[in-house]
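Take a look at the structure below.
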Amino acid sequence: MLTVTHYTILSAILFAIGALTFLIRRNPLIMFMGIELMLNAVNLAFVAFARFLNNMEGQVFVFIVLTVAAAEVAVGLALVVAIFRARDNVDVDEIDALKG
Amino acid sequence: MDYGALMEGIVFYLFAALAVLAALGVVIARSPIRAALSLALVFLALAAMYILLNAPFLAVAQIMIYAGAVLILFLFVIMVLNPRLDIVGGRNHAQTIAAVIFAVALGVLMIAAFVAGQPAPALGQFTPEFVSQVGHVQIIGALLFSDYLLLFEIASVLLLVAIVGAMTLARRERDQHANAKHDLR
Amino acid sequence: MSQYLWLIPALPLIGAIINLLVGQRLPRALSSWLAVAFMAAAFGVSVSAVANLFALPPEERVIHETLFQWIGVGSFSVNFAFWLDPLSAVMILVVTGVGTLIHIYAVGYMEHDSDYARFFTQMNLFAFMMLVLVLADNYLFMFLGWEGVGLCSYLLIGFWYNRDNLSVGTDEKFLSPRSSGTKAFVVTRIGDFGFTLGVLLMFWTFGSLAFQDVFPKAQAMFQVGAPVITIMTLLLFLGATGKSAQVPLYVWLPDAMAGPTPVSALIHAATMVTAGVYMVARSHVLYSLAPTTMAVVAVIGVLTAFIAATIALVQNDLKRVLAYSTISQLGYMFFALGVGAYAAGIFHLVTHAFFKALLFMGAGAVMHVMNNLIDMRRLGGLRKIMPITFWTFLIGALALSGFPLFSGFFSKDEILADGFSRGSIVLWAVGVLVALMTAFYIFRGVILTFGGKPRWKEGEIISSGDENAHDEHGARGLHPHEVSAVMWVPLVILAFFSIFSGYIGLPHVLGENWLGNFLEPVFHETPIEISAALEWTLIAVSAIAALIGIFIAFRFYFSDPKIPARLRSYYPGLYSLLANKYWVDQIYEYTIARPGRWLANAFWLDVDGRIINGFADGLGRAFRGLAQRLRLLQGGYARGYALAMLIGIVVVIAIVVMRP
Amino acid sequence: MSVPILTLLILFPLLAALITALLPRDNMRLIKGWAFVAVAIEFGLSLYMLANFVPNTSQMQFVEFYPWVPQFGISYHVGVDGLSFWLVILTTFLMLIAIPASFSEINVRVKEYFIFFLILESALLGVFVALDLFLFYVFWEFSLIPMALIIGIWGHEQRIYAAVKFILFTMAGSLLMLVAILVLYFATGARSFDLLELQKTIVPANLQPWLFAAFALAFAIKVPMFPVHTWLPDAHVQAPAAGSIILAGVLLKLGAYGFMRYNLTLFPDASQQFAPILVVLAIIGIIYGAMTAAVQKDLKALIAYSSVTHMGFIILGIFVFSQQALSGAILQMVNHGISTGALFLMVGLLYERRHTHLITEFGGLQKVIPVFGFFFLFVMFSSMGLPGLNGFVGEFLVLLGSWETNPAYAAVAAVGVILAAIYLLWAYQRVMQGPVTNEKNKTLPDLNRRELALLVVMAALIVLIGIFPDYLLNPMQASVTQLLHFDAVAGLVK
């Protein structure tokens, strides 16, 4: 019988992979995808709990996470485009202008 | 044998495996396009999960927003920039190894936390039967516009800001030269 | 009777305010005579007040007027109130009387000074403060006058604040007017410090500061020798030594001569310096309850008299001679108070006011016509040129030296008589010796200044030390002449008083001591009967001392001028000791001023500078250093941050999960 | 009270600041005129309060109470009693003096200058009238900002260092005080920040010393008391003249007022224990301040150290727990505000003419600018405590009170009176007297009408308070006895 833990385990795995993507890849696009992965993992956990706790607030939150994710991607990619135009290649390691 | 439960189990494991593999695909994909596509797969697998978890409205939203808007945006940007193939891990190997170790550790820890935790009593009043009887969208709408109205407003403001931000950042400068000078001073 | 006592101090105050506001615009004559008019008016009111006092029967001779409450906090309350009794009657008469004469003299003396308005403002202000001091009905209001006269003395000593020093025509270096002004105020303030503490102790002992409360309570609550009273009277006496220039706080008076001579005459001879004597006399009830303090007062009185007289022997500047003479005579007065002869002390105060003011004004007249030259070694032979000044100065000298039948003789004799009968023989003997020295140094002054051949040449160029003097006295030839009427009239009047003021306090043998009886209701002294024979011998001894002194002076400086030089060669050490005024100034400089300055610098540079600021700035530097190192962590390497975050999260979750 | 005078007093300067902001930047006359009018109105308001103040009651007057954050018991609770009454009037008066004093001195960014001053005024008034600890703390910090900016922007060469030091010193203390306020909120169980409630609760004995120490440190830095005073000379030397007037005239009183209003009432037992320590520190401050003042090269630093001496007297007056001493201390706060304010005003005038504070640069000015010389000497004698002027009454009462508690305190403190004469007269002698040595000093202009008017007002006040101190002393007696009552209850039954 499926229980909450099945879903949460899956979301944990997805979250870990998302984090891994973010850390390993140097191309900011892929990193954003990593972030999307993590966000989705969280969404999954939300929905799972909503389902098993008979509480619809989880779904509402997912809704909000969706908007946040969308906004985040929009701005992120705009940034990437702007950086790309300034340097004609995109590599996170070289972008260290904000050095302390 | 409760066929319903069995069916549910199979579907879950199927899509779970799909999601994980697709996620891994995102990690190791050399070209961004292939990564974007595998990301799409993940979105779809999750959409299926939502249906399984009795949240059809969210499933549709997931497909439309994530798979639809976000992914297309990714593909669009990839097309605009068509960046070189990017090698995995980059120069800093120590960084990569450390990242892998800690990511795995994170996953293991979270799983342990979930397994160890006792399932909380289902005390909400939105049982699946009640939900399907009243209708998903109505409930979400009711909740969204009653208790979480403030949240809703903030989300809308956030989106507005994001839009404006994105536009200004990515705007192609007409007088490229003036702007640059401005930045450098 | 309507209240009018407040008029006496108010009149000079009004004069001061008028001169302050419009004085500079008024013509010189109007401004000066305005000041004199207000002083004269005050004198008039004083005389009428004393007349009213006389009308009262002897025992209740007190006029007490309260204006309003000055400070009132809980149990502490002090009023602006005036108290006129025989003692303060004598004082106001002296202050306003001599004061008016000196103001008249000053009109002539200051005729070449452009700052006349400021001068007369300060002189009138001084009169106001002094009258407040002597008329106050409580110690705090008296303290207002007390520090007020200190203020005016500071202003008037430093009147020529932009001149450097006034040692005209000699090599002797004197302190500049401004430094001596500051010195005067600070030294007297040290005395006032003692006075303040005495007042504090007084309030918490008696619960009030008004005379009519303190004295009866003192007699009721304490018997003779009570420690509280002794401490209180000693503290008050510390104030008196400051104001009346007694050992150890007398060092400011000789330097106060840097001020204009009328100031020296009024403040540093007749009135202000006697404030201490008045205060001790006023608190006679307290002092008679503290025999130890009485002894201290007497000893310090005699000691001061002796030291000042010895220094005066060798001074070359006539005004300095008179300054030390004043300190010495004040020593006499305190000697009298110390032995309980309050009336005698006040009597000497009165006569001293007359002849000392006369002597100072005489010296001033000489300076006025000799371009501020007052060094006796350069004077001489002025007898024929300035006859009136000479004769009045001579009368003053005779009075000061105690020449028989002159006022000084009677008042000094009464002190010596009381000193002999009440105090100890030793003190009396020193007193007589001082009388002798007094006669010597004053006649040395008379002879060197007026007698003999002139040691200056007509038309000789003397710079009057007043480089930006507005008058033509700047630097020009000497043409001494007799001073104008406005200056010698006061001299003559004071000369008259110097002779006849002695008769208000005749010794029993010769007549009735009028002043003693007048002051009796205030002091309630227990008269000591001494046999006529003893009294005659005492009179004889003091007369002889005076004559010997005068004779020696003539011998040294008139008949055989070489003697002083020879003496100096025989006792060079003694001479330099006296000429350098026992090096007291230098001792104070090295024991107090210099270490004080060193400590202050140590406080400022080391404690503030190095320790506290060092700590504060050090803290600042430490943080900056720390921040510098932390900066390196922010390498701008985005993925590094992400990894750090991840590690953080993992650690947190681990803790959460692992916790039991 | 029908007219919410206190809120008006606090809000009007803010409104005025807003209006100043709207004025056209280049029209100097309008800005200065308006600033003066604003401060004058504010002073008028405080006079209205003066007229309606009931002298013989220790209750809070003109009280206004509006719950602000009810859950935590924070309320906008303002009121005035004998302790703070005169300080409010002193603040508005000194503002009335400081604004016109800076007309000729400030010519860069004039608008912001007056805005910060008006904000500062509102903050200071807030501190004096606040009866809610939270509100008090807000105003306390709020007053820090404009002052620091005034020093930092319009100051002289090392103004940044001075401003930063000023902030750090004060902040260090006040953060501890914040902690103490919070502990007080929880520990006493009163669950309220209202001062009057907290005064009723008994602070647990083990906590009292710590809380007292925290409050005391914050106030000691502000006073400033001996070990933590080094920010004052730097702040004064670098601050513009008007800034110094307010810094010395009012800001230093925050610390002393804080001691009275909070330390004595909230922690009576700890006050007894700590009193000797604070008194000794105060006396050290008196002697130390006076001696360092004597060797200062810079006139403003000299007056700053003299403020340390005067404030030493005030703290001494507070912590000997006697009615005379406490009344003397409060009176001395007003006197110090006036006389030191006037001194800074005049040093500012010198600075405008010669652009230096160094004593050696001056000499023989009395001949050149006699009217200035008169007022300079006049105020110096007031600051020195000459009887008949205002300084004496305050100082004498403090000495009187401290003698009753312990004659040694009064004896040593009275030495300060001598040192005061030394450093002030020595400074006057070096600056004003003697021959005119420096060429530039030969042609200095004397006081113009505006400067003369300010000084005449100050001088008049100095004499009036000196002769009629009861006018100031009477209204505060009820509150003073009530304040001492806290300590009588705490065992020091006299």
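In this document, chain identifiers A, B, C and D correspond to the written order of the chains, with residue numbering beginning at 1 in each.
Please note the rule applied: contacts are C-beta pairs under 8 Å (C-beta built on N, C-alpha and C of every residue); 3 or more make two chains touch, one makes a residue touch a chain.
Just so you know, these numbers come straight off a predicted model, no measurement behind them.
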Remotest chain, chain D as reference, centres from CA atoms: B
Whole-angstrom distance, CA centroid of chain B to CA centroid of chain D, is 62
Rounded to a whole Å, what is the gap between the Cα centroids of chain A and chain C? 93
Per the C-alpha centroid definition, the whole-Å distance linking chain A and chain D comes out as 58
From the mean C-alpha coordinate of chain C to that of chain D, what's the distance rounded to whole Å? 37
Among chain B residues, those touching two or more other chains are 92, 95, 99, 102-103, 106, 110
When you check chain A against every other chain, which residues touch at least two of them? 19, 23, 26, 93
Of all residues in chain C, which are in touch with two or more distinct other chains? 639, 643, 646
Have a look at which chains touch which and call the overall pattern line, ring, star, complete or other. other
Quick one: which chain pairs are touching? A-B, A-C, B-C, C-D
Any idea which chain C residues touch chain B in the complex? 639-640, 643, 646-647, 649-650, 653-654, 656-657
If you look only at chain B, which of its residues touch chain C in the complex? 92, 95, 98-99, 102-103, 105-106, 109-110, 112-113, 116
Chain C-facing residues of chain D, complex: 165, 168-169, 227-231, 233, 288, 291-292, 294-296, 323-324, 327-328, 364, 366-367, 381, 386-388, 392-393, 396-397, 399-400, 403-404, 407, 410-411, 414-415, 417-418, 421-422, 425-426, 429, 432-436, 467, 469-470, 473-474, 477, 481
Which of the residues in chain B end up touching chain A in this complex? 5, 8-9, 12, 16, 19-20, 23-24, 26-27, 29, 32, 35-36, 39, 42-43, 46, 49-50, 53-55, 57-58, 61-62, 65-66, 69-70, 73-74, 77-78, 80-81, 83-84, 86-92, 95-96, 99-100, 102-104, 106-107, 110-111, 114-115, 119-120, 122-128, 131, 136, 139-140, 143-144, 147-148, 151-152, 155-156, 158-159, 161-163, 165-167, 169-170, 172
State the interface residues of chain A toward chain B in the complex, per the touch definition above. 1-10, 12-21, 23-27, 29-30, 32-34, 36-37, 40, 43-44, 47-48, 50-57, 59-60, 62-64, 66-75, 77-82, 84-85, 89-91, 93
